[in-house]
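Okay, so subunit A shows up in both of these, paired with subunit B first and subunit C after.
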Partner chain A sequence: MSGLGTALVFWPTAAIMLVTGLYVFRTSSMARAGLLLLASLGVEGLIFLALASEFLGVLQLLMMSGEMVIMVFFMVMFMADPGGLMGMDMTHDKRRSAAAAVGVAVALALLALLTDWPAATLSGEAPDVRAIGFEVMGRSMFTFLFAGMTILFAIVGGIMLAAQGGRLGIAAPGDDGVAVPPPGRAGQHVPPPGGEEGHAMHGAEPAR
Partner chain B sequence: MSAASPFAIVALALVGAMAVALLEQVVAGARPSPAGVARAALGTLRQPLAVPQVKDAWLYHGAPVLLLLGGVLALATVPWTPGFRGLDFSTGAILYSACLAYVTPAVLMAGWGAGRPLQVVGGFRFVALMLAYEMPIVMAVTAVAAPAESLRPAAIVEIQHAVPMALVQPLAFALFVPAVMAVAFIPPFDLPQAPGELGGGAFSAYTGVHAGIVSLAQKVLVLGAAGMTAALFLGGWHGPLLPDALWMALKTAAVAAAMLAAGRRLPRAELPWLLGAAWKYAVPAAILAIVWAGFVSLAVYQ
Partner chain C sequence: MISLPVVLIAAALLFGIGLYGVLGQTNSIMVIMGVELLLGAAALNAVGFLRYAWPEAASGAMFVLIVVTLMAVEATVGFALVVATFRNRRTAELDDLTDLKG
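After this line comes the complex of A and B, so read on.
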């Protein structure tokens, strides 16, 4: 692609990427946040394509679709307010996280500006596919396998958390919406009065 | 890509959608009637739009467009003749999978945006199914790309000048066909939209232009699935006597007819059975198909 063509694709897509990326943090609906992130990262694939990195661009388009949709799935599973309809504040520790974000952004910007980027022009039949293939199957193989296993463990752990009644645990008698059984019936768990004392008693309780 | 090819692709998508609609009628045992298809389409378009009164309604409006965009771009990666290609990328086979991958967010958006329980569950259910279909597609594509030493679909067609890839790699073929049928919602894999499943599932709330776009997108997906199967596994435009384009058209039509006919004769797959079959058997079988691809690449094609 010519220099003008690249610029015509690059700048608008970069703007869309930034705006959608920003709106990810301006919404409290999990579905909307996930799909905006998909828009942001999918458009990044177009930037790769405009910069003649065809394999990375196509791969970015392919992977982000699946990954972001799975992320929507998990966020809806784990969040107490997945639709963002109750006005729940999902941020914590704002000052320190803002400081960390600004610090990382400045560091990355400096890295991009100060690095002495090579000015090589790619040509021929997708040299990047071949180069990436040798990189993944060679020097970086261990890194990729390790990352893959780590992600797999995280997925299994997430599903185990979700399967056991969710992040908030299995509802017990006495919780919101769960009836307390009449006291004295054999074999039933009666929630003891009081906080700490009650928790201490759980261990001594006979198995039901 | 020349300046005319976007128009050619859109024209192909429209003509092909009509052809797929007529083929559906033939497979169903009816006389093909273009006027009937046009009347049904106009009837759908005249319906008033249903607009859900929920916060995320923009997802509901965006989903059919994304579905159609994914279908048309997938169609554009199919190598129809040696000269005519829409998106002729050196990684076109992966690009085809990438375009199909956007069916998933489209169905999720349709379900979530409708804001009603059956549609939301239908959307989420399709995400689980789609992930199961996506793996065999990408792995079968890898298997046919290995002998060609290229991810360019035209190069994969070129290497089949003597023997079609379906004969050399029957396992990859057997995995690819049901998976692309499933992505194109062809029965017996029409779980996201079958009337008996969740009352029609993710798309059941759509009327009017929305429903028309969804239906058009599905026919374009069928055309793309049949065309890519013909190109990657059945030798594409290669064939004796007849011109290239005619061979490709005949093969695509035959594949589409076979897919639609299979859908009419098989009972609809159940969700747990489908997920189990995909993850327990199709994915390991796809790994075997890649091993076989490595073997034939080194032993036969080198």
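After this line comes the complex of A and C, so read on.
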């Protein structure tokens, strides 16, 4: 893609990426937030395509579309107000968070502007999928294997953490198949009918 | 035209947005979404360097592959932690988890 073509794709996609990324944390509907995150990271894949990284762009699009769909499911399952209909405020330290975010972004942008970066022009073709394949299966094979093993460990660790019968046993009423009444208020812990002795984590009041 | 600092500034702004989400949200899932944006900014940085500093090096793609791997791993472990927390406390709100607060 020529320099003008890259610019024509980059500016609008970068703007969409940033605006949708910002609105992830501005919308009160969590399903909408998940779709906005999908839009932000998907459009980032288009930027990769514009920057002559076709393989990485397609990879980003595929990975993010799968991941964000899973994330929307989790949000609907676990969030107190997934539809944003109750008007709950799920933020804290808004002012300080915004100040820290703006400070870090400005510092990084200044660093990007003031540093004398190496500049090189693409003389021929950018590395294609074949070149990346040879790189992955050649010099960088150990790194690639390490990434694969990391994903495997994450899968095993994730299942162990999320499993019902783990080191902590049955965590709460309802996990053993017995229906439990819905909580009265979002985020409120509902004690079991027979007291708190059902689980080691809930056994006694912590020492103060 | 586009140059390396332009790409890096876009990544810096995306990083700032992700940081705002990580610091300002109370729900674990939203914090995970913020971390996704932080890692997305890192991937954009890597692609910028790959395109404008070392355009003929295929090894630069490995950095992006590692970042994408980290995104998947972070989401996996993060969701598992959310499930474990929800099993024990019936909430995914970070403000309710105060057992270790001094």
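Note that the second predicted complex is superposed on the first by the 115 of 208 C-alpha atoms of A that agree within 3 Å, B and C clash if a C-alpha of one lies under 4 Å from a C-alpha of the other, contacts with A are read in each partner's own complex, and residues count from 1 in each chain.
Here is the rule we go by: a contact is a pair of C-beta atoms (placed from the backbone, for glycine too) under 8 Å apart; a residue touches a chain by one contact, two chains touch by 3 or more.
Keep in mind that this is a model prediction, so the values were computed, not measured.
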Partner chain(s) touched by A:Ala7 [first = subunit B, second = subunit C, both, neither]: second
First, second, both or neither for A:Ile151, with subunit B first and subunit C second: second
Touching partner for A:Leu35 - first (subunit B), second (subunit C), both, neither: first
Partner touching more residues of subunit A, whether subunit B or subunit C: C
Touched partner set for A:Val69, first subunit B, second subunit C, both or neither: first
First (subunit B), second (subunit C), both or neither touched by A:Leu61: first
Subunit B versus subunit C as contact partner of A:Leu46, first or second or both or neither: neither
Contacts on subunit A seen with subunit B and repeated with subunit C across the two complexes: 55, 59, 70, 126
For the subunit B and subunit A complex, residues of the former touching the latter: 55-56, 59, 89-91, 94-95, 97-98, 101-102, 104-105, 108-109, 112, 124, 127, 131, 134, 138, 150-151
Of all residues in subunit A, those that touch subunit B in their complex: 29, 31-32, 35, 38, 45, 54-55, 58-59, 61-62, 65-66, 68-70, 72-73, 76, 83-85, 125-126, 129
Subunit C - residues contacting subunit A, complex: 1-21, 23-30, 32-34, 36-37, 40, 43-44, 47-48, 50-59, 61-62, 64-66, 68-69, 71-73, 75-77, 79-84, 86-93, 95-96, 99
Subunit C partner contacts - residues on subunit A that touch it in the complex: 3-4, 6-7, 10, 14, 17-18, 21-22, 24-25, 30, 33-34, 37, 40-41, 44, 47-48, 51-53, 55-56, 59-60, 63, 67, 70-71, 74-75, 78-80, 90-94, 96-98, 100-102, 104-106, 108-109, 111-113, 117-124, 126-127, 131-132, 134-136, 139-140, 143-144, 147, 150-151, 154-155, 157-162, 164, 166, 168, 171-172, 175, 183, 186-190, 199, 201-202, 206
